[in-house]
Structures are given as C-alpha cells and as structure tokens.
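For reference, chains read A, B, C, D, E and F in written order, and residue numbers begin at 1 within each chain.
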Amino acid sequence: MYFHRQELQHTATPEKPDAVYARKLQEVLGGQYGEITVALQYQFQAWNMHIPGKYRDLVFGIGAEEMGHVEMLAVMIAQLLEKAPLGITEEAVQNDPTVAAVIGGTDIQHGIVAGAGARPVDSMGNPWSGSYITASGNLLADFTANANAEMQGRVQVARLYHQTDDHGVKDLLAFLLARDTMHQNQWAAAAAELQAEGLEKMPVPSNFPLDKEERDVAYQYINFSNGTKAGDGTWASGPTPDGKGEFTYLPEPPAGVPMPPPTHPDARFYGTTELPNTVEKLAGRAQDALHKE
Amino acid sequence: MYFHRQELQHTATPEKPDAVYARKLQEVLGGQYGEITVALQYQFQAWNMHIPGKYRDLVFGIGAEEMGHVEMLAVMIAQLLEKAPLGITEEAVQNDPTVAAVIGGTDIQHGIVAGAGARPVDSMGNPWSGSYITASGNLLADFTANANAEMQGRVQVARLYHQTDDHGVKDLLAFLLARDTMHQNQWAAAAAELQAEGLEKMPVPSNFPLDKEERDVAYQYINFSNGTKAGDGTWASGPTPDGKGEFTYLPEPPAGVPMPPPTHPDARFYGTTELPNTVEKLAGRAQDALHKE
Amino acid sequence: MYFHRQELQHTATPEKPDAVYARKLQEVLGGQYGEITVALQYQFQAWNMHIPGKYRDLVFGIGAEEMGHVEMLAVMIAQLLEKAPLGITEEAVQNDPTVAAVIGGTDIQHGIVAGAGARPVDSMGNPWSGSYITASGNLLADFTANANAEMQGRVQVARLYHQTDDHGVKDLLAFLLARDTMHQNQWAAAAAELQAEGLEKMPVPSNFPLDKEERDVAYQYINFSNGTKAGDGTWASGPTPDGKGEFTYLPEPPAGVPMPPPTHPDARFYGTTELPNTVEKLAGRAQDALHKE
Amino acid sequence: MYFHRQELQHTATPEKPDAVYARKLQEVLGGQYGEITVALQYQFQAWNMHIPGKYRDLVFGIGAEEMGHVEMLAVMIAQLLEKAPLGITEEAVQNDPTVAAVIGGTDIQHGIVAGAGARPVDSMGNPWSGSYITASGNLLADFTANANAEMQGRVQVARLYHQTDDHGVKDLLAFLLARDTMHQNQWAAAAAELQAEGLEKMPVPSNFPLDKEERDVAYQYINFSNGTKAGDGTWASGPTPDGKGEFTYLPEPPAGVPMPPPTHPDARFYGTTELPNTVEKLAGRAQDALHKE
Amino acid sequence: MYFHRQELQHTATPEKPDAVYARKLQEVLGGQYGEITVALQYQFQAWNMHIPGKYRDLVFGIGAEEMGHVEMLAVMIAQLLEKAPLGITEEAVQNDPTVAAVIGGTDIQHGIVAGAGARPVDSMGNPWSGSYITASGNLLADFTANANAEMQGRVQVARLYHQTDDHGVKDLLAFLLARDTMHQNQWAAAAAELQAEGLEKMPVPSNFPLDKEERDVAYQYINFSNGTKAGDGTWASGPTPDGKGEFTYLPEPPAGVPMPPPTHPDARFYGTTELPNTVEKLAGRAQDALHKE
Amino acid sequence: MYFHRQELQHTATPEKPDAVYARKLQEVLGGQYGEITVALQYQFQAWNMHIPGKYRDLVFGIGAEEMGHVEMLAVMIAQLLEKAPLGITEEAVQNDPTVAAVIGGTDIQHGIVAGAGARPVDSMGNPWSGSYITASGNLLADFTANANAEMQGRVQVARLYHQTDDHGVKDLLAFLLARDTMHQNQWAAAAAELQAEGLEKMPVPSNFPLDKEERDVAYQYINFSNGTKAGDGTWASGPTPDGKGEFTYLPEPPAGVPMPPPTHPDARFYGTTELPNTVEKLAGRAQDALHKE
C-alpha cells in the first residue's frame, strides 16, 4: 500500500519561470532514465522478487522514494511553466530575441494539452513507455540495470545543472545528484553482497550448467573490426572477471560455416521462388489445394 | 564500413520446424535485450566515442559481431517457420491438439506479413524500438549498460534453452550463451580498466564537482517502505563503494517541506481556478486580452 | 512524498496458478484503462492543479490508493504465474489439451523476460504508454475523463470476472469492482460540485467568450450519415444540456464552400506541380537558388 | 460506405503563412484528442454497436462529420506551410529574430518529409496512435468518453485561439469551437437519454449483479493522502449519484492484510532465490531436468 | 467533406463465428498495410497535393473508397466475434481441443476491451500508427508507395484467403483481392502517366540538378557482400532505367577514407575522454565554468 | 557475418558545427525512410528470401553498404554537435539571435542524453521503429517497396541539401544523392527482371488463381469523390498495366448492400443492447450464468 503526504522531500521552487527549461527537465521526469522509470522499475522488481527480507526491503524502500522524486520534478515543471507565454505575436518576436527562443524551445503540449502543467513524456515529447523498465527476477542482472539507470540519470542531471542559472532549480538538482550518488553506491553494494553471499555470480545466470554452453568460445575475444589496439585491454588476455577462464584474442574471425539453403515455405504464402518451372509446380499445388477448399 | 560474407559464425539449422518456438526466439532477435539492441547500441557508442584506441576498437569489434548474431537468429527463425501450418481447419484441430497449440502460439505476422520469415519484433510482436539503446558518451555508465544487456540477454537465452528439445536450436543457443558469457566478462573488465586508468570513477560522472551536490544526503539510506531488514545490508552501513563516504541508515524519512502553492497560469489556458470571483477577474482579463486581439 | 507499507489493501492470492489468466489480468494492470493509468493520471492532475483544498485533496487521495491497486494486481499475477509451465514438449501437448491452450494463451514475455513476474504491459503485450493519461488543468474536462476511466475499467473487470473460476481471483475482482463503483460515483459528484459552485460549466471551457465562437452552428445537429432515426433523440431537439440553446436538426449537410486551390511551396521541396512549363520555371528558380548557394 | 465531395464544411484559408502555427494545429488534427481520434472513435463505436436505430444513427452521423474536420485542418496546415522557409542561412538569422523563432518552432518533418504538407502526428511529432480510441460496446461508458474527448478538444482549440492573430485561422477555430460545443451537448444528452430509457445506469456496467461486488467498500471514501479538506465535498457524504448508497469518509486507510510470501517459480527461470542451500537444491533440480533433456 | 451511407460496398457476413480468424483479419484492417493505412495515406496525399485536376481526383476517389473497406472489415470482425467464448473453464478445454486453440489464438482485447468488437490494431495487437503513412508531395515517389501498399495488401489478403473455410469470409476477400488488383494497376498507370507527361521522372526527384550529385558513383554497383552472382543481373551492366547512364559493377568496395578523429564536446557533457591529464584539464575548465555560474 | 573496417565510404566532415542541422540529419539516419530502415529492410529480405543466387546477392550487397551509410551520418552528426552550446543564459540570447534559433531548433536529447552524439531517432525525436521495415517474401512487392524507399530517401536528402551552406555536409549529401540514384535504378531494374523472367508479375501475387477473385470489379474505377477529371487518366480506360483487362470508369458508386444487423454478443460482455426488456432477459441470463459460477 502507498500513502501520500502533501509535503516534498526537498524544496522545489524556481526563482523565476522558464518554459524552455521546463521542457528540458521532462527528460529526467519522463525519459528513458527518468524518475518514472526508476520508480516503477524498482517496484516491479519488488513485486516479482522471490526473496523476502533485506533485498526486497531495499528495493521497496528506494522505489517509494523515487515516486516522490517524480512529484518534485512535476511540481517544479508546473512552476517553471506558470508564466509560460501564450499569445505571441510577430511583433513581440521582433522586439525581443528571447521570445523567439522561447517559441522554438518549449514543449508545445505543455501549453495546449496540459495548460501549463507537467506531462509523462521526455524532453522531445515521447510518452513514457513501459518498455523502459527492467525486472527479470535475476537480481544480479537487475541490480546492474539499476546501477546503470542511476549512472545515466546522474549524467543527465549533471548536464542539466549547467543549463540554468536559476538557484531554485540548481538547489533541487544538487539534491537529486546526491540521491543518485547514494543509489549508485547502493546498487553496487547490493550487487557485491549478492555475490559475496553466493546467491548469484558471473556469468549471470550463474546456475545455468556451464557444460551446456559452448565453452571453447566462452573467453575468446574475436575482433570483427580492424582496430589494432583492441587486444591491448584486460578484456583480451589474463584471467576473466568471473574467475573461470583466461581471455584469448583473435585479431580477426575464423572462417564461418556455409549459410543454410533458402527456405521453401508453403506456396500459398506467395513468396517468390527461384525457378519458373518450380513456380508452376508450386502454383499447381496451390491450385490443387484451392480446389479442395 | 561494413562488409558481409555469406557465411554464418556458427551452424544455425534446426532439426525440424517449430513455428511456436520461432516466435519465442524473436525475443532475443528483436526484443529490448535482443541482438539488434546490442548490435546498434555498441555501434552508436563507437560512433559517438571521444577516445580513439583500445576502448573504441573494443566496442566496434563486438558491435560488428552482434550483427552476425542477428543474422543467425533470423536464418534460424525462417527455417523454424519453413513448414508453418497455413490453412488450418476445425477438423484438424479436433484430431490433433498440437495443432491447437500451434494456432494459438504462433506470431500471426510471421505468416501473413512475412510469408514465413523473421521480423524485427519481440516475442509479443512489438516492433524493435530505437529507445532500447543506451549511448551516453560516458563510458563507465555505458559499459555498465552493456554488462546489464549481456546479463539480461544470457538470462533470456538460458530460459529459452529449456523450452525446446531441438538439438539444432540448442546447439545455436549453447553458442550464444558462451558469447554472452564472454561479453559480460569483457564489459566488466573494461569498466574496471576505465577506473584503474582513472578515466572515470564512481559516482558517475566522476568529474562533476562533488561540492556542488548536496553532500549531506549523498550516503544516507532513507527507507520509504517499512521493511525491517532494509538496514541489514552493506548498503546501509560501512564504507561506500565509491570510497568517498560512509553509509548511514534512516528507518523512516524525516519531515518534508511544505508543497509550494498551486500555480496560476494565464487565464487563457482555461485551467480551473479556485474562487468564482477570481475566475471572473481572470475571465475579465482574458476578455480584455481578446478585445485587443 | 510517498510511503510504502508492506501490506495489501485486500487479499490477493489465487487458489491455483493460471498463466493464461495472468496474461488477461495485465489489461487492468498496464492497459489503456488499467491501474497504472488511473494512478498516474490522478497524480499528474494533482501536481498540475491550480486550486488548493478539497478538489486537490480528493485527487491526491484516490491517486495514492490506485498505486496500491497496481501492487495488488502485480502480486496476484506473479502468483498466477508461479507454476507457469516452461519446458513443454510435443508429447505433453499430445497428452493434455490444456497444455496446448496454455502454450498459446500465455504472455511469452512473462516467462522469458520477467521470469514468471508481472510486467508494465497490457494483455496483448503493448507497453504502458504515457499517452494514456489525461491532465489538462480544466477540472470539469478532467473529472469527466476520470469518470470515463473508472467506467471503462469497471466494464473490463466485470468481463474478466466471468473468465475465471478461481475464488481467490474473484475475491480480488469483487473488491476492485466495488472501488470502481465508488470512484465512478466520486468523479460524478465532483463534476456536479464544480458546476454547482460555478467553477466550471458546460460548454467546457466555460469562460471562453461565447461570442467568439460561431454561435449559429453551436446547437445544430447536422447528420452526415443517412440514418433516419438520428433526429429522434433529445440531442436533436429541445433545450441543450448547457442551458444556453435549443437543438435543431438538419437531416443532411448544407452545401459546403469550395476547397482552396492547391498550394505551391518552394520548388526546392520537390513536390510535383501541375504544368510542365511551370515545372521548368520552378526548376529554373531552384537552379538559380542553387547557383547562389 | 463513405463518399467525398471536394468542398469544405467551412472556409479554411489563412491570411498569411505561419509554419510555427501549422505545427501547433497538428495537435487538434493528429493528437490524442485531435479530429482523427474522434472521427475513428465514433466510427468504431458505430461498427461495434449492438443497437440499431437512433443511437447508432447519431454516432455514424457525427463520425462522418469529423472526417471533414480532419480535412479542413489538413488543408489549413498545408496553406500555413505554403511559404515555409527552407534554406535558412546564419546571416538571415542575424538579421531577423523572427527567422530564429521559425527555425526552432517548426515541425521539421513538415518540410523534409511532407514537402510542406500536413501529417498524421501531434504538435510534438508523435504519430497518431490507434490506442487513442475508446469503443467498448458499453454506451454509457463510451458516451462519457466522447463527452470527455469533445471537452478536451474544445479546451485545446480555445488555447490555440489565443496563439494567433490570423483572422482566417481564427475564423476556422470559431467554427470548430461551436461544433465542439454542439457535440459536448449531444453526448451529454445521449448519456442522459440512455439512463432515462433504462438502457444503462451507474455504476457502469449496470447489469453486473451488485451482490457480486464487495458492497461494504462500494461507497467508502478512503483517503490515502493527508489532505484535510478531502472530506468536505459531496463525494464524501450524502447520497451517491448512482442512487444506491451513501458516501462515508475514512480520513486514513484501515490496516491492510499481509503481503503473500514471495513466489518460487521453476528454477529454470533463473530468478534469484533466497538461500544458498535452496539455490543448490534448485540448481540440482534444474540439472536433473537438464539431464533428462 | 465526407458523407456516410448505411450500406456496404459488398456483402460482409460470415457463415459462422470464428474469433481466431477475427484476430487475423485485424492485420488487413489496422496493420502496416491495412485499409486504415491506405485510406488515410491517399487522403493525406490529396490534401497536400500541389496539382488540381485528374491526379488529385484520382487520389480522393480511391481514398474515400478505402474508408468503406475499413468499414466492411470492422463489421465482418464484429460478426466473427459475435459468439466469442467468454467464460472458459479448464473442464471445457479438456473436453474440446478446439476450445484450447481459441483461447490461445484470439485477440484478448477483442473481448475484454471491445466487448466483441473490432479494434484499430493489427493481428498482434499493435495499435495503428500514423507512421505507416507516406505522403511526400512528390507524386512519382508517392504513387510508387501506393503501388507497394496495394501489392503488400493483396499478398496479405491472398494468404488470409487460405486460412478459412468460411464462404462468407472468402466472398469478401475475393472482392478485396479484385479491388487490390484494380488499385495496383491504377497506381502503375498513374506513375507511368506522370512520366509520360514529363511531370516527374527518375531519378526522383527529377528536377534536382544532377550536376550537384556525385555523378561518378551514380551508376556503380559496389558489392558489399561476397555473392558471386550479384553482377549477373540487369542492375549491374547495360543502360539504367532512368535513361541517363550505364551500370558498372565492382565486385568489392574500393578503399575508403580514414574516419575523422573522435569529437571532444564541452567537458560539461561529462563524456569520457582519453587521457587522465586531459581529463583533469577539462575538469578544471568545467570547474572554472562552474565558478562563474 | 559482418565485418567492420574503421574507414568511411566517403568523407564525412563538416566545415563547422551546426547543432540545428545535426537534428535535421537525424531524419535520414533514423527516420521512416532513413538509412537504418533500408539497411535492415534489405538484410531482412535477404535472410527471408527463398531464392539463392543473383537476387539474394543483390539484396545482401546493398544492405551491407547501407550500414556504412548509417555510420557516415552518425559520425557527421557527432561532429556537427561537437561544439553544441550547453549553458545558455538569457543574456547570450539577448545578444545574439542565432543563439535563440539554436535553443529552439536542436534535439534536446542530443545533449542531455547522448552527450553531443548521434541517436537512433528521426528529426522530431521519434525512436526508429521495426515497423518501418517491409520484407514480405514476395520480391516484386518488396522491390517496389525498395524503389519507394530510395525515392523517398532521395527526396528528403535533396530537401536537406538546400538547408545548409556547409560544403562538408553538402559533399556528403552529394554522395548520398548519387547512391540513391543508383539504388532507385537497381530496384527498378530488378523488378523488371523478375517479370521478364516470369518469376512474378502483376497483379502481385501473380500465382494466386485469378478466378478466385471477383473479376467483374477487378478493372473498374469507381469514383467515391466528385472530381470531374478522375476519368481523364490512363487509369480509367484502355488496357491495364497487368495486361489482363480493360479499365472502365464509374463516375459514382453503384448502390451498396444493406448493412448486416448489429451483433448481440454474450451478455457478460456488458455491451449496451437495444430494448429494456431484452436487457432484462440478457441480464437474467447473465445472472443465471453467474449463479452457476
């Protein structure tokens, strides 16, 4: 169950309106790595989890916090839009270049659709999509997804930090940056703990029997490009991070196997086949089949 | 530049047709974590990369290999569909329950749209989307995204491995599992190397000035759920993985700040406002504005 | 701020697994009118609202409850999937027609992607989309949207009620049906109250100056089809619900106005234009322009 | 059957070109609540309807009119784009701020993709989607959806009215506003008539047996937020709009029920489970299963 | 303007219900090449066209016919769904394998969302998308798109023809096949007429000055794969269809040019750059920049 | 198998940065008819093809070239973005109108998401979609789709050519225009060759038995609009392009057939039906059914 309190975790009030910046903030509200994504990702992971106790408690606890981040950003965006210009005339544009920038740089639906309100979309207006979420049930994979989400999110907030002079906005971003720092660290710690406790290891999923995979290519770096330094990294020689092998390096791929012959589906799919006489035969068969229909 | 050779990296021929399984394989061809995703993700990372040399060589080299994985899966799917049933009658269903399963379990567009061919979609028929890709230019974030993609991908292939008896299919999956093992290890190694070389560290992005974020909440685990074991993990006490702090634990959130007052955008957005007399005033203003228009 | 408690508002435990039904339930979790939609719709309305007090309190209060409904459905789906079949062989299908039904009727990604967990998608596998939400800032419009959402939702739950024999599932649906009954009634009451208090009236938006619209067609029913009974309803004669006019009925449309002539954009858009000599002239102009480039 | 006449229902010619406004108009052509939505929504409702006669005649008649509204907007947009600037140089921008506004504010695909023509997209470039449509077969629900669509649409047109000085555009919008007034009124009248005739009532769907829903929570307002005025509305006490109950108010939720224990799906889904020894057992089982494969 | 008549162009009544086939028919109603696509594609081409007269008359005339095809398919689908099974129990499945097929093979939203009605989606449940449409303003390109759409459409209907025994359905498909034959022929004739009249030629767009393109590679077939027969077609030698060149054949690509060096965007984008000392310098610059902020 | 070489087919370096143009170029990289589309379309056609030899060699050879075009555009976009402005202040806008244009005209995600890198999206930010691809297995249909794709693509590049003064960009576009000229010609030649060899003819699919379609309407142009010149083209009289008929022209549609009566699905779908007493009966039946449940 979820409970709401009409408070914010942190102040979220801009110094002045800025409709262009409101659009930019949509990225971290409703984008691929925005707060809606992490909020729902963590909650789905919790609902699907097979372990009671500390891991699930962790995921539930952060998931609910992220809902509050969605809220702070939405409230901030609404305020940035509060004085969004509406009835812009050509004359106004002539007199003030800022107006021109605002015309071009705003999310048009902020005004026309939401009446100067926040929307569940990214900075280019794409609606948030359920396909942004990852919740596989395998926790080492999922915590790695979470670490990535928090890293991408913090990179985006850092970029946004430099695109405004508004101290109110910067103050909220400074808070979000810190929480992203925290959550990056937490997912890294949780991934390490999973492995320390033996619940999951690399390669993920670790309890798939290794003898069922083709082990002779499991640690072989085959370079399909012609970069000459590809073999210089620790990914090309030495022990592998999963502790189960040694990297080897092939500067170019070995010969492949022949492609299987083309398929010949039922003639009634009307794909084009190779030889006129075959076509006739197939067409004959199709017509035979049709006769029976 | 890309060059194609009419060979496959590994044999990709099933023992017998299986239209239901062809649909399932679409997940790892055209799904969120399918081969199209990793192929394009790595290539976009390479095109956008700011570093020449070993890291870019690595990403280019794996990216091109993944294109060949897309191909092997597409060719496999076409063969699994080669004898896909077409003109199923009720009588056939009555006589053979397998037919019923096939009717329900196939991707209908495999037949009607592609004429028994592979498609750029996932196992539920959603078209592949550019939004599946991550390429931020920050390599520690992106290599973490890559590690996650290879983990999720290997989990999916492992699940698929158990859903067929076909030795030809299993043989291809055993190869893909091994390559996923390799690539998981490579991205882990590359992420470690980035940090060892000091190119990037946690928290990502590491050269954002830490004093600009709100440091007092940067290592504080605030539990927004009521799980009693949330504080038992290494994510709640002790040193943080980024080596820059100590985790602390708050079993419940401190009081928040008051929500800012509701916004009052231009009356010509026709949002509902609180007091009739205010409405009238606003409407008056709108009508004044209209007069001038 | 949002807080989570590891409890459910109502019991959500099925009597037995049913992977086919788990897929059907996805509709009311992640579909156009599923619980994610109403949860986020109400919250966005609250964040964007221009009125403090009872209306915003109402919307916040129901919005947070709906988050808990998402949770109950997700937890229910995970349990329905708990024994989802995995490694189905042809033999199994031959022996038990139920198995055939299950193969065809399940959400394939429930298994391959989520490892027998719930997903943010509808019953056909389409990911939930931010475009499902309505939050315009005009409360009479939005409360009508909410009433519709609760009606569509209750219709869907009622349909689902008849598609299972499981008493655990039916018990949860009986609860959801009742809450939908409640919320339908609440949005109807709130819409009435808005009008009673004069905050908003029909036609929405009510403070747009009526003399700016083309009043002579504002109450005229023009029938563009040839149904002979179209004029028999209260929508074709008598007073209009907004209390500002009388319906009139035209059994067929009056003559229209001529279409404006086709456009002739810049020749460098390379659209096809009508006359060869014009084309030459335009091409000439384009080449002149090119010369200058 | 549909017939087209090369006339428009109303004049649709702008005074002068305005590529930025052309983009804004796309919202009411191809957006969530644009004319394509209502045109197809009403037609699908008609095709799926279970009642011959006046209700179906009504829906068919308005549906076909809306097709003509799509056309008027498309023709208007093409004319607004007729002189869309194309080959903008930096010099031009320096000399005229209006040019800067135009660069930023246009729909880029209007030029590059459509050659200065209208497109089936909204104002942010999202393609129109079939998921915008509602046609459930339950007419009280659907007419409420229609009323909402006409309200949202009229709000958007009203907002657009203030964003142009062009008398030609304003003239068309004044016509569309009036038709939206009409259609709002018609759906309200039709919804009332359905109830007056007893075809459908609240709660929708009205012939689902009420004793099957959990009646004790069917009229109980449970506040999941902490707004103190939530109980002040007619939605919290007094008779309910469906005439079947009395609202009651709970300022905070009663205790919930315990969450069901986590699920334990087949080990071959490779979800992470709680205890190492359990993992081993499950892995053992998975390996046993694999042996048999 | 569009007018509707409550008649169908052709009989559209099945002999008996078939919910599985209803789903398949959705492909040609709401799929990429379904009737909604051609209806809207032709109408948008007409609205955007720069030529009055016969070409526009042609496009309008077919466009309106296709709206009636959408209608016939929707009505057919509703009838095929009329007896769609609803409350299927496990017992029913055990007794009749057909029931199992039906469970798996139906569009679940046909029942739960549309109450046994047609929907604006394809056979896999993807909503129809505005991105399916092509209307560039260049008529030779667009008529080629139209020819393709009618070909793909007829291929799909032909495939569907073999998947039913129902004479009512087959009768409608026989009609649609004939109309697709007609429209294929019309677009081919119209494309030829455009060229005969000199309005447009190959290469499209024909009035782009050829000397502005890099003519020395304009007729050179460069083979980027290793197929040995690639040079055997009329596409590799002899005169080119545009009448302006001779095909030549290169069995493999000539050497390329070096890739440009990696980019170095502003350090405040926090992309990873190559050398620690550079990083420090950049970070320094970022901090300088921050100081000034 | 695919191999990558760190070279480009043609120089791709701009003279100077231009973030606005970088966004425009996204259209031909990741749009409906961008290079990702043709690259994947041709490769899927090759993988699904039923004919070995020259046709498949052709499709593979061009498909791999197009991957290199994706690369050139991505690299060009990254360079155009290299100096993308980041921290724009209001003051800067006041001083330089170009800055205003840049603010409005850029792809916001280029900076915030990709750190000044290319993305798999179109010029309006819509992610590339698998639904852009056509690969039916019928080669005459598919080669027509390919000809269309190359025509649309060349039209778009020609339009883009006029929107920049940068010689580096123009040089790359001149190359792409020439390759589009080539590929247009190749698909036209291949389509002709298919027909010359008798592998496929019009109407596509040509081996569907013509006597199964309703031949009496197969060459009849029925005008559903009132354009008086619709009959003036070669599409209305004379021999048909498929060589199998004569066009005839009907200036308006003949009478249709009556619409079938409305459907009456199971009452438990809760659709609204016509007569109260019927409703009661149906409700009774539903309640009977419920009793048994």
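The rule is short, and it goes like this: a residue touches a chain if its C-beta (ideal position, glycine included) is under 8 Å from a C-beta of that chain, and two chains touch if they have at least 3 such contacts.
Because the structure is predicted, anything quoted here is derived from the model rather than measured.
Enquirer: If each step moves to a chain the current one touches, what is the fewest number of steps from chain B to chain D?
Expert: Counted as steps through touching chains, the separation is 1.
Enquirer: Shared interface numbers for chain B and chain F above half of all numbers used, same, or below, different?
Expert: Copies use mostly the same positions to touch.
Enquirer: Scan C-F, A-C or D-E for the interface that duplicates B-D, counting it as a duplicate when over half of the contact pairs agree by residue number.
Expert: Answer for the repeat of B-D: C-F.
Enquirer: Centroid from C-alpha atoms only, then distance chain D to chain F, rounded to Å. What do you get?
Expert: Spacing between the chain centres: roughly 26 Å.
Enquirer: Could you list the positions in chain B whose residues touch two or more of the other chains?
Expert: Counting only residues that touch two or more other chains, chain B contributes 1-9, 32, 48, 53, 55-57, 60-61, 63-65, 68, 75, 78, 86-87, 96-97, 100-101, 103-105, 111, 113, 115-117, 121, 124-127, 129, 131, 136-138, 140, 155-156, 158-159, 162, 165, 205, 208, 212, 224-225, 227, 253, 256, 263-265, 268-271, 289-290, 293.
Enquirer: Taking the touch rule as given, give the residues of chain F at its contact with chain C in the complex, in rising order.
Expert: Interface residues on the chain F side: 155, 158-159, 162, 165, 268-270, 289-290, 293.
Enquirer: Once bound in the complex, which stretches of chain B touch chain F?
Expert: By the definition above, chain B touches chain F via 1-9, 30, 36, 40, 43-44, 47-48, 57, 60-61, 63-65, 67-68, 70-71, 74-75, 78, 113-121, 127-131, 133, 135-138.
Enquirer: Chain A touches which residues of chain D in the complex?
Expert: Per the stated touch rule, the residues are 20, 23-24, 27, 31-32, 96-98, 100-105, 122-126, 155-156, 159-160, 162-163, 165, 224-227, 252-253, 256, 261-265, 267, 269-274, 276, 279, 282-283, 286-287, 290.
Enquirer: Which residues of chain C touch chain B in their complex?
Expert: Residues 1-6, 48-53, 55-56, 86-90, 93-94, 96-97, 99-101, 103-105, 107-109, 111-113, 115, 121, 124-127, 136-140, 194, 197-200, 205, 207-209, 212 of chain C touch chain B in their complex.
Enquirer: Along chain A, where are the residues that touch chain B in the complex?
Expert: So the residues of chain A in touch with chain B come to 5-13, 32, 53-58, 60-65, 68, 75, 78-79, 81-84, 86-87, 111, 115-117, 126, 129, 131-132, 134, 136, 138, 140-141, 144-145, 147-148, 151-152, 154-156, 158, 161, 174-175, 177-182, 184-186, 188-190, 192-193, 202-205, 208, 212-225, 227-230, 232-235, 240-242, 245, 247, 253, 255-260, 263-266, 268-271, 289, 293.
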